[in-house]
Each structure stands twice: as C-alpha cells, then as structure tokens.
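Pasting the structures in now, so scroll down.
Look for chain A in each of the two complexes below; its partner is chain B in the first and chain C in the second.
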Partner chain A sequence: MQTRLIVLLSVILLTHGCSTPGPGSTERARLHSGLLSNDGTFIVEWETNPDPIPVNEFFVIDARVLDAGTGSPAADVMLSVDAAMPQHRHGMNHTPAIERVGPGHWRVQDMLFHMPGDWVIYFDISRDEVIRRAQVSIEVD
Partner chain B sequence: MVRRSSAILPLVITLLSSPLPAAPIDTPGTTHEELDGPVGVAWTSDRNLVTAASDTGDLMIKDGAQWRLIASGLVRPLGIDVDQTGSVLVAESGRHRILRINQEGTQTEVFDTKDTPMGPMRMPMDVHAHEDLIVVADTGNDRILVLDQQGAPLRVIGERGTGPGQFRRPSGVAVLADGRIAVADTDNHRVQVFRGDGQLLAQIGSRGSHPGLMAQPSGIDATGGVIRVADQLNHRIQAFSPDGKFLHAWGMHALKPREGDGRIHYPAAIAVSEDETRLAVAEPFEERIQVFHQHDPGYEDARPSGEPRSGVQSHFGPVVSLEDRILVVWEPESQVALVFDHQRRSPIRLTSLWSNGDGPQSFGNLVALDWDAVNGQLHMLDAAQGQYHAWTISLPPPDEPRFDPDMGRLTSTRPLPASTAPSRILDAARTPDGIWYLLDGGDGRVHVLGPSMELLDIWESLDEFVDDPLLPEAIVHDPASDTLLILSRSRVFRFDRSGSLTRLFELNDMERPDSIAVGVDGSIYVTDTGKHSVTRFDGNGSRIGSWGIRGTDHAQFWRPAGIVVDADDRVFVLDHGNHRCQVFEPDGTWLMTFGAGRSYSPNNLPQGHPLRAGSTP
Partner chain C sequence: MLVAACIIALLHGVAEEAGIDFTPQEKRRILQHSPIPPVPDDPTNDWDKNPGAALLGQALFFDTGFSRNGAVSCSTCHQPPRAFTDGRSIAKGLAPGTRHTPGLLNVAHQRWFFWDGRADTLWSQALHPIEHPSEFGSSRVDFVRRIHSDDGYRAAYTDLFGVLPPMEDVERFPPGSHGTSDAWKAMDQADREAVNRAMTNLAKAVAAYESRLRGGNAPFDLFVEGLRNSDPAGMAALSPSAQRGLKLFVGKAGCRQCHSGPLFTDFEFHNIGLPAHHMVDGQPLRDPGRFDGIPLVQKSALSAHGSFSDDPVGDKARRTRSTKRGQEHWGAFKTPTLRNITSTAPYMHQGHFNTLMDVLLYYNTLEDMELQDHHQEAVLKPLNLDEAELADLLAFLHSLESPLPEESLLQAPSRPHQVQEHPHPDSNEGVEQ
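Presenting the complex of A and B:
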C-alpha cells in the first residue's frame, strides 16, 4: 500500500510538480505579438506557458525573433532571456535554460518569478556582436 | 575507552600538525595622515614603513618619528615592495617602468621591457620581489610579467579576458614563500593564484559584497601564507588561504572622510610586516596609512567622536554627464547610474539604471557617460566590460517629475574595437554627431570611434608634443569652438576634430588635476584632487580664480573629481570623497549640495551656518 502511494505521488510530481510545464500542457497560451526591440531593429513574438504567469512556479517562454524590416524570422541571431524587478533592484533567483528550436525561434525553460509584483522580461538579441533589447513589463499576482 | 582514544588520536595529531588559522591583524594602531595620495605601501625588514605618494611623486620612509624623503620627482608611483637588500622597487606607472631605489635615494636600476619580446609595460600598478624574481602587475596590458632580478623577461602570465587565467586590469600582485603568485584581478572582481611557472591553481571570489566576494580588489599581500586583499569598493580587507578558503574579513566603510577606528575608505594597497604583527592599509582617498595590530579582543571600537553621521550620504563616483535639465551620475559601489532632473530647487532622481545579471546590463567600470538631450539617449562607456551601451530614457514632462525605475531602456550594447585596450581607457568625450574620442592612458593616444564603435582614426601620442612624461587624465569637448581639450598633468592640449594640435598651455599652481569642463563663456574649470579645489581659467589658460579647501562641510571638498557646467553656467562638482555633488556659481559661490536623497542650499542650512542665506560672510 505504502509503495503504491509513493508511486502515485511520484507520478503526480512528475506530471505536475516538475520544474517546467510539459510540452503537452493543455493550458492555452496567449501570443504577444509586436514587441519591438528598444531600437526598432527586431520584433519579438512571445507566449508563456502557463498563461498568466504564476507566482513562484516555473514557466516556459516561447519566443520568435523577427527582423522588423522584413517581418521574416531572424535566423542569424542569438537570444538570451532574463527578468528582473526594477523597483526591487533584483533579478530572478533561478537561471533559465534557453534552447533554439528553429530559425529565430527559442524556448526558454525554468523561468521563475519567485514573488508577486512588477516584473520586466528582457529579450537580448545578439547579431554581429551587437546586442539589442526588447522588454516587456508584467504584473504578477 | 581504548577504541575511543584510537579514533581521536589521529584527529588530534592532524589538528596539531595543521597550521592554525591566521588571526586577523585588525586592531587599529597608528594612523599616518597628511600623505599625498599614498597608493604604495611596504615594510622594511626592521619594520619601517615605506610609501609612495602618487600625487606628489615622493618616495618616503618612516625613520623613527619622521618621514624621510628617499626620492622625489617620480611620475605617478603606485605599488612598491622592499627587496632582500632593503632597496625599494617602485611601479612608476606614469613612466611605464619599474625602478629600484636604495634607502639612501640612489636609483640603481630601471626595468621597462620595451626593447624585449614582451614589449613595453603600460601603466604598471604593482611590483613584488621574491628571491631571484621580480613580478610586475602590467595593468594596462592586462597581464603579469615575471622578470629576473636584472629585469630580463622570463615569462608572461595571462591576457585580457574573463576566463581562467585571464585578467581585466590586474592591479595587485604578491608572491607566496613557495613561489606561488597571487594576483588581484581587479575588474574581474577576483583573486587568481598561479604556480610560479604560470599554471593557474585557484580562482577566489567573484563580484559581490558578502564575505568572500569582492568589488574591484586592488592591493594584495601574501605574507605568512595568507592572501590578504584590499577589497576596494567594499572598503574592507579580506583574508583567504592560498587554495581559496575564506578566512576572515574586517573593516567598515567610512561614510565620511577621516573616520578612524578601523573604518576604511577605498583601500588601495596593503602590506603585512615580516613578523606578521602589523598590517598597513594605504588609503589614497583619505591621504593616510592606517597601521593595524594583531587582533585584540579587548579593543573597544570608539565611535567617531566628532560630528554625528549626517548629511548627504550617497556613493557618487567620479563620472558625470549633464545636458539640459538632466544630470547623470555613476555610483561604482552600487553599480547604478542615477538620473536627476537638476533644474529644480532640489534635484529629483527620475530613474536608476542598475547593473543586473550577466548580460548586457552587467556594468563594470564606467569611465564616461554622455547624456544626449536632443535624442533622449544616454551613452555609456564601460572600460571593464570593453563595451558601449546606449539607453533611451523617456523623460516625464518637466512639470510632472516622478520616479520610474522602468524609465530607461537599453537599446544596444556593442564591444569596443579590438584596437582599443579597455583597461587603459581613462576617459572619453562624445560630440553631438556621435563621434567618440577615447583617451588611452597607456600611450597618450586618442582613439576616434564612430557611433557604431567603428574605428575612424587614432591620433598620434601626446608625447609627440612634450618632452617629459604624460599623465593624460581627462578629455572634454568644447562645443563653442568644436575642439577637444585634453588634460594631462598641468597641461591642456586643445585639438581640432581632425587631431591637429591648436593650443597647448600650462595650468599654474595645480597639484593633481583630475577632470576638466568648459563653461558657457569658454572658461575652463579643472578639479584638483591634490588641493581639494576647483580652478577656473580663461580659454587660453590664464587663471581667473579658484575655490575650495579640504573638508566635509558645504563648499569644501574631499578629492573632487568629475565636473560639468550647465547652460546657466552653474558648475557641478562631484565631491567624490564626500560622496555628493555640489553646485556653484562660476565665481565659486556655493549654491547647493545634493545626493541621492537629500539636498542643502543656503535656505535650509542650520541657523548660524556661515553659508546660510542672510548670514554675514
């Protein structure tokens, strides 16, 4: 009996309690389109899973980087994603993992907003050693 | 019983055979004040202090009760060491060489490596003698040089970078008794320990303020097998074992100049006596050397007996920019750029641009800021990271000021061109058309960069124009004449935008000029950190007047640094040692003192203060 309970708990933890929501999650994400980089060079389309972003739970960002001039995927860039609470002057206390899943397409796992409040997500896009930033402010509660 | 004894005995033997942890040498003893920017400090074998005064170029030894001059006329002497013969090795940074001077003042040897495969040293900041070796922190070249006692090159350790065994502005070096070399890797905020042959053994610390972390470590000492570091921006001393184990830290940030009782203010160098009973801390900012004794548990920290801690307590550093209603100040300790609306009775902080993470918003050592009011952009030059940052700041209307931490947005980050040596960039000026002029302190050249950091030109070295050594300090654009002014020792060079020298004039009666600004009428303002004053000259270098004395009251300075002038000809002086900004009329009349959270003007000074409005001078 005890063994079966442990197995059951393990299955629950594996399916719901892991650091990252699984790709098969049925929670519907909302696509945020038209986030222009601060200098206007790139557009970032992004969505989170789950959506809205929960407090103190891992979430995933799916991000596509487009050239603002052509609207086509920016296949020759690198992306890094970070987040911070400017009013508190601190960032996340967990390092996310980012993976390129296609031309100009990235999946960021293990994002964690450990406390409620005003967060800013930074998308730093590198091309030819120049880093450009797109950012979005989010209130998490 | 027998079984228990057999278990404990090896442990006891191990403990007895292990070296005891070094006790802190942290109890305040003697303080030597009125030294002119002491950066170097060392002990002789008979426990006399030796120091190099970087402001005046004097090398001195404490013989009994008096300081005795050993040598003078050195150009920016920094780190020093005493060799086995009792001679003093000096890193003469301003001449890019190492000197050996005996205690009678005779210069016996000069090492500069410029005609060797190593190439010339650039701005060496420290030197250490060990048996038959001389080890040099070749700071401007981001490397460590190992020479023999005749100065012949043996090997180079490291290169610029952030990886294991690489350096960014290494400014302190020490050698352990067994030949291991410990390096204060300043802009990487760590200590690295090498075998004598250059193999990396340990990396200690990273950026931070918790015990074991560091912020721009500078001086270093390894006497007795303990690595002690002057943790400059944390205002403390830390001790580690050579394999990186944190032992202890001590010191407390002096919030105002001349706080004693162990409070430390920007420690630049440390030296432990051979008998390990004394530790000397050189604080050029405080113009003093504090000597500490072995830990005395009975010592009572007598708090400063003078005035209570009050007033403006920010961490304003030496870098500032101003245009229109915006003033931006860099705080090195907190790694924040503060943006103020200064055109108010009391300046209001509108936003803070703070260092965050390891990405492009990770600031290092900002050497120049430029606020472009027309385009609402802030430009930053970061010598530690070797990067340029552009920010867009969406200002609120002047009549609706408010603080918004999200007001500034980073738009782009670019690397400096490979032709520049970031550790040697001391200052930079940006013209309204987006052209940058970077001042290389290592060779006196100016690197001209386009808006995208592309290299456009390199001007010939300033030393083409003068015979004696240069100490380029600052560069500023004079918009009225569209020329560049370069401050070097007590000289000002005026160049046109193509790099042709149009004027060269001497500024008389200066001790250590630091920064330069141009007023609305073309007047030139220069801060003098040695004299704690500001001097105003006309556009040809004729002295008009000066103001300021050393002190902590309003209209007094403690090593003033950055200076800017607004469109109303008000002069803003970064009073670095007092961590504040003061505002003056062009004639030196005091108008205001402010920091991040408080401001003072003649109207809100206490009753009886001589600068209070209505007081009789």
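Presenting the complex of A and C:
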C-alpha cells in the first residue's frame, strides 16, 4: 500500500520536462523536475547518467535543490543521497560519493542498483539541523 | 518482400512447433544475458593487458614449485578441464581448506574476489594462496627467491618489471619469512618493501594470465544471437525445454534477481540461507562470509587503495572504502556465475550440493533454510515448481556450457622460461624471449 502510494506520488510529481543530453550519453537524459520534499520546502531536480538507470551498473546523479518558495538554488543546504529496496529490506552496497559542484548543485557518484526491481532514492536536504526528505520510486528491470 | 514474408512464416512455424513465445519484456531481459562483453581494463594493474606478463603469469599458475611440498600449484585446485575447479566440496592443497573452489572462466569481470569478496582486485587475490597454510604454505621471501634463482623466471621478470631484490643474501632475506613471521618483522623496512613489490608484480602477471580465461559462445549465446536477429536457425541452439527453462529463469523463478547480466551474477553478495555443511572438528562451520570480507578488504594494504595499486585513488579504491557493512551481510556469499555450471560440481561455498538438480530442489522448497533474524534479505520464496518445470530449468542451465579458451592457455607454457630442474642461482643467462 505504502509503496503504491509512493509510486503514485512520483508519477504525479515527475514531469519529464525539458530534456538535455547527458554528458557522453547518446540517449537524451530526462531532467526530473518538481520532486518536492515532504513538507514542500524544497524542490529537487535531478537526472542520471546513464538514463534510464541500468541494472547493476554504476550511475551518476546530477541533482539541484531549489527553494520551493522562490525557485532559486538553495545555496545554504547540505544534501545527502541514498537508495534502498524496501521490499527486499536492503539498501545499496556503497555510500555514494557526493560532491558539491555549485550553489544548490551536486554530483553523486557510486550509485548502484545491483538488483532489478523497485528502488527508492532518498534526497535528504538539511538546513539549520532540520532534515527534509524528497523521495522517488524507480523500477529498474 | 517475399523473402520477409517467408521468414515471418518460418519464424511463426518454428515458434509454433516449439510452442515458445517470448513476451517483449522476456525478450528484453534475455538479451541482457548475452554476449559477454570484452574484459574490462583494470587500472590498478598496469600489466593486465601485457602479453609478456600473461605468459609469465601462466607459467606461475601451473608451477608446483612454489608450494612447500612442491606438489601444489594454482592448477591443482583450478583445473582447466573442470572450468578451473577441482571437483571437491572443499578445496585441498597442503591441507583441507574451508571453502569450495570457484571456477576462473571470465573471472576478470568480477568486482570482488573470493566468496566473501575480501580481495578487490584480481592481482591482490593471487597473493593469498602463496602463504595460505592449506594452499601453498610457503612464504613471500621464498616465492621471490625462487624467481630470482631461476634463469628463465628472472629474465622474464626483469624484462617486465626491472631488477629483483638481491635474494641470494639470506641474511637480509631469511628463508621461510612469511608476512606474519618474526623473521619478516625483523627484516629491514626497505627490503620488506622490495619483496612486497616483487611479489605484487608477479601477482599482476598471474592476473594478466587469468584475464585471458574467456569462455567461448555457449549454446545459450547462439540462441540469444538468433533471438536478437529473429533468426530461427540460431534459436534452434536451445531445445524447447531449455527455452521454457529460460522463461522461468527470467520470470517466475526469479533467478535473474541475483544471477543477472552476461555472467549470470550480479557480482555481489547474498545470504540464501544455506545451513552449514562442512564440519571442522565435528562442528558445523558457521562462515560469516561477506560480514568479515568487508573489513578485511578495507584494511588490507594490498587493496586497490594501497601503495601497490597502480590506481590508488581511482573508482575502485573509492568504492572499496565506501562499501557499507550491515547485519544482512552475515552469511552472505558472492553470487556465483552460472556459466559452465555443468562442469563445476559440487555447488555452493561449502560444496553443499552434488548435482544441479539438488540446487534446484533447494530453491524449490527452501527446506532446511536457515533464516537469520529480520535482517535477512527478503528475496527467496519457495518456488513450488513441478517436475517438468524443474527439468526445463535444468535443461536451460546445461545450455550455459561454453567451450574452454584456446588449448595453449590451458597448460604450462614452454616459453619464455622453461622451469629448470636445477636452478643455478649465480647464472646470469636469460633464455630467449
């Protein structure tokens, strides 16, 4: 039930908006915009390379965090990213390496969905010691 | 046009005859399993694609002279005709070990080495057997000394890597000095460093050889090629029964969740609940597997992030460091490849099962499954397949049998360094390359 809800939410929240080709990829990477944190404070825009996410191959996430109120980059927040397979009760095998590449802008390496199935990516955004989470479910197959 | 129509009619005919139709989803999944891609580069080993290094490594692989009793080589346990396994439940070198010998075909594709992944590079794996008491039972100093005192080996080594330490000096390099011995600890720091450097160079040569151990096309690969090109002749490489087994494999049997990709392994670790099978001193051996493998590889000075690596700050090094360890890793073992699985009985990390059907029966019922607490990964459920389905799955597994690599890779090479009966330590003569 819970996962259904998440899937539903993410379908609603994910708009396959403006597309920019990912670096070095022939496919067009989709920019996922409008992923809201649970309390609506932040918007996460993110894309992956490769796209779509392949089973059991390392991929990179490029993520931008915006203040939902103003739409401008949230330059004063920290981001951490993780992912899990809730139905299998396990997460990823590596802690992703996150690098800030600009104001409100991060590059996340060492993401690996080693099994096919339903994964959830968590974007945890902290400001002033309060952590807000935006999450999205993804099926890789 | 007419040709196309004929092909379609023919295809249709074959599909009907065999009664196997694959859905687009099944087809997409099946295509992920073949072909095997080229061997990836190993940036931590500058010699991984070097033919001379591979030849030296091949000589080392088949040479029993490095073991304490002169009777054990890598190929004692990794026997080419058995797809580089030994037919035993538990390996035996100088003495019985504690785990089953895995095969080495396509091994250079792996992310981690050993059942518990306690090595993160192919070359660092090769260092373990030398001093392991139940494998070669030797020491690094004796290992490097034998290279030094054999003209052929010495010439091959110096051509590739430069000079060897002056191993003839037994005061500086005492015989029998293995990594934990007092003699080793008493050695000069620079001398220890030099021996470690030589030993890791030799291990990189062994890895260069191992990375050439590629299997050829299995019937399954011919089938996939046929499926990809809608070519019924290619698809005929699999019997209808094997095709039904494949459907189960990528479908309701759920095998591809872990046995994914062209090598039928995700290269990662899972606890599939096998109860301990091997007895040590009358007690079942409870093996922590990956739970212990993670700290071992992270602490090892010989890992991808160590000073003997040729890429100590690269992706591999970072990923070894960032590997997470949790309760779910207790009793988890690396998913084995299913390629050439017919040749590699018995099965599992303690050789639990003698036949592939026994393996399938385990997955079918999960009888005797040992559940961890709630930390256990929740993937496996009893499959409850009927007899015909089990036979189909088995037929499919049999179709993963690849021809072995070329004959010249399956035995000791005669050049460049014929192993000498009576090595002459003072001779400087190299053999022609």
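Here, the second predicted complex is superposed on the first by the 114 of 141 C-alpha atoms of A that agree within 3 Å, B and C clash if a C-alpha of one lies under 4 Å from a C-alpha of the other, contacts with A are read in each partner's own complex, and residues count from 1 in each chain.
Keep in mind that, in the parts below, a residue touches a chain if its C-beta (ideal position, glycine included) is under 8 Å from a C-beta of that chain, and two chains touch if they have at least 3 such contacts.
Because the structure is predicted, anything quoted here is derived from the model rather than measured.
J.: Identify the partner contact of A:D110: answer first if only chain B is touched, second if only chain C is, both if each is, neither if none is.
T.: second
J.: Tell me which partner A:A84 touches in the superposition: chain B (first), chain C (second), both or neither.
T.: The answer is first: A:A84 touches chain B but not chain C.
J.: Does the superposition put A:N93 against chain B (first), chain C (second), both, or neither?
T.: second
J.: Quick one: is A:N56 in contact with chain B, with chain C, with both, or with neither? Answer first, second, both or neither.
T.: Touch partner of A:N56: chain C, not chain B.
J.: Kindly classify A:E139 by the partners it touches after superposition: chain B alone (first), chain C alone (second), both, or neither?
T.: Neither partner.
J.: Once chain A of both complexes is superposed, is A:D76 in touch with chain B (first), chain C (second), both, or neither?
T.: neither
J.: First (chain B), second (chain C), both or neither: which does A:V120 touch?
T.: first
J.: Common interface residues of chain A with chain B and chain C?
T.: Chain A residues touching both partners: 87, 89, 91.
J.: Which residues, counting only chain C, touch chain A once they are in their complex?
T.: Going by the criterion above, the answer is residues 25, 28-29, 32, 256-258, 260-261, 266-269, 315, 318-319, 322-324, 326, 328, 374-379.
J.: Chain B touches which residues of chain A in the complex?
T.: 37-39, 80, 82, 84, 86-87, 89, 91, 118, 120, 122, 124, 129-133, 135, 137
J.: Per the contact definition, I'd like the list of chain A residues that touch chain C in the complex.
T.: Touching chain C: residues 55-56, 58, 87-97, 109-110, 114-117, 141 of chain A.
J.: Inside the complex, what are the residues of chain B that reach chain A?
T.: 336, 352, 354, 356-357, 359-361, 390, 392, 405-406, 409-415, 452
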